[in-house]
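In the part that follows, the structures are each spelled out as structure tokens.
Each of the next two complexes has chain A plus one more chain, namely chain B in the first and chain C in the second.
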Partner chain A sequence: MGRVVIDVMPKPEILDPQGKAVVGALPRLGFDVFTSVRQGKRFELEVEGDVTPEVLAQARRAAETLLSNPVIEDVVSVREADTAEVQA
Partner chain B sequence: MGRVVIDVMPKPEILDPQGKAVVGALPRLGFDVFTSVRQGKRFELEVEGDVTPEVLAQARRAAETLLSNPVIEDVVSVREADTAEVQA
Partner chain C sequence: MKVGVVTFPGSLDDGDARRAVTLAGGEAVALWHADADLRGVDAVVLPGGFSYGDYLRCGAIARFAPVMTEVVRAAEGGMPVLGICNGFQVLCESHLLPGALVRNDHQKFLCKDQRLRVESTATAWTADFTAGQEITIPLKNGEGGFVADEATLDRLEGEGRVVFRYLGGNPNGSLRDIAGISNERGNVVGLMPHPEHAVEELFGPGLDGLGLFTSVLKAGLGAIA
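Let's look at the complex of A and B:
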């Protein structure tokens, strides 16, 4: 069983109210080293077999059409999940 | 300027309605290889200097207290952003 990870982030020039809320809350909780926060989305898509180039191509098309809004978001990454980043 | 990436995903045993909606929509759009989808969150936190072990420790504490709900979500990864996954 293979897994594809897709990362989607708001475009840099787009205001990110969720990120702004986080960066405002961090210092109140004692976290003082962070100057900026952006919040995006992460998808994990499972396939029956291996993650082939065809699977990755289909995942990229899905990322660009269904999983992101190209007006305000960028598809940052479409890749096979490495074992370190998969939940137990 | 350094950047930390934090990934948060719904726990495997928690129902993920956003992921369910995506997995239902994919075949209608012609994407037929995916059997399961989970949707989580990805945060990019910027710091002034380098990403030191202290910065990563603070990011992990922030991830576990502010950026995720430990009842329903797992912090999957807290790491320095590699250049390939950072927006231009």
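Let's look at the complex of A and C:
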């Protein structure tokens, strides 16, 4: 089984109210060094066999047409998952 | 004239939208998201609520509902289509309207009577207003901030496609106080506030919302004549 990881982030110029809420809450727990938080999305797509270039190409197309909205978001990464980051 | 109102799983203003159509003098037709059939309607309303698939982005999955293929085809052919709140989000995700709606800048869900200025009467849904008219209709949303890049905003302004603008304070961080826009042809309009909640005395802040529904009836009659 192969797995593709896709990271999507709000564009830098788009206000990210979720990140704003998180950065406001961090100091209440004593985390006082963080001046900004941006919150994005991570998608994990599984395939039966290996992650081939064709699988990655399809994942990239999916990322650009459905998983992100180019008006407000950037696809920052489409990659085969490292062994270390795959959850059982 | 028949005005279809689409129900998606999670729609909650479809009943009000059908009632608004009826009060305006039209025939309301209930449409189901999974049916690829517009049942002979002359116009379509995508009502507010929460469509399925909002988990990804508001309207992102609803856009692929079978009925939307027909709505997009009909809209491109000139049929009047109105998207209210979640319906506005579905229209943006369908690329019938430019831009996108993002979470309110103050991070809170908002429900209030909202003053608006009617900026354009050159659409199928606003001909019964006068340009510059100020109206009050309810607003209720969590992701109502309209955003687009500068070039798109300039084009919308330059082509007179900003249809409604917020007055008395910007409720959600929408760029340039934009509350509603139209496509180039003026048959497709999306707005965040809810005109269908201001069509009856004693319900909502007044009757200012009725104008959208009476406008489309005349637009439809014009097309038929």
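Please note the rule applied: the second predicted complex is superposed on the first by the 88 of 88 C-alpha atoms of A that agree within 3 Å, B and C clash if a C-alpha of one lies under 4 Å from a C-alpha of the other, contacts with A are read in each partner's own complex, and residues count from 1 in each chain.
Note that in this section contacts are C-beta pairs under 8 Å (C-beta built on N, C-alpha and C of every residue); 3 or more make two chains touch, one makes a residue touch a chain.
This is a predicted model, so every value here is computed, not measured.
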item: Touching partner for A:25 - first (chain B), second (chain C), both, neither; value: first
item: Touched partner set for A:55, first chain B, second chain C, both or neither; value: first
item: Contacts of A:17 with chain B and chain C, given as first, second, both or neither; value: second
item: Dominant contact partner of chain A by residue count, chain C or chain B; value: B
item: Touched partner set for A:47, first chain B, second chain C, both or neither; value: first
item: Partner chain in contact with A:69 - chain B first, chain C second, else both or neither; value: second
item: Doubly contacted residues of chain A, that is, touched by chain B and again by chain C; value: 66-67
item: Chain A to chain C touching residues, read off their complex; value: 10, 14-15, 17-18, 20-21, 66-67, 69, 71-72
item: Sites on chain C touched by chain A in the complex; value: 56-57, 60, 92-93, 98-100, 102-107, 145, 147-149, 173
item: Residues of chain B that touch chain A when the two form their complex; value: 4, 7-9, 11-12, 19, 22, 25-26, 29, 31, 33-48, 54-55, 58-59, 61-62, 65-67, 74, 76-77, 84-87
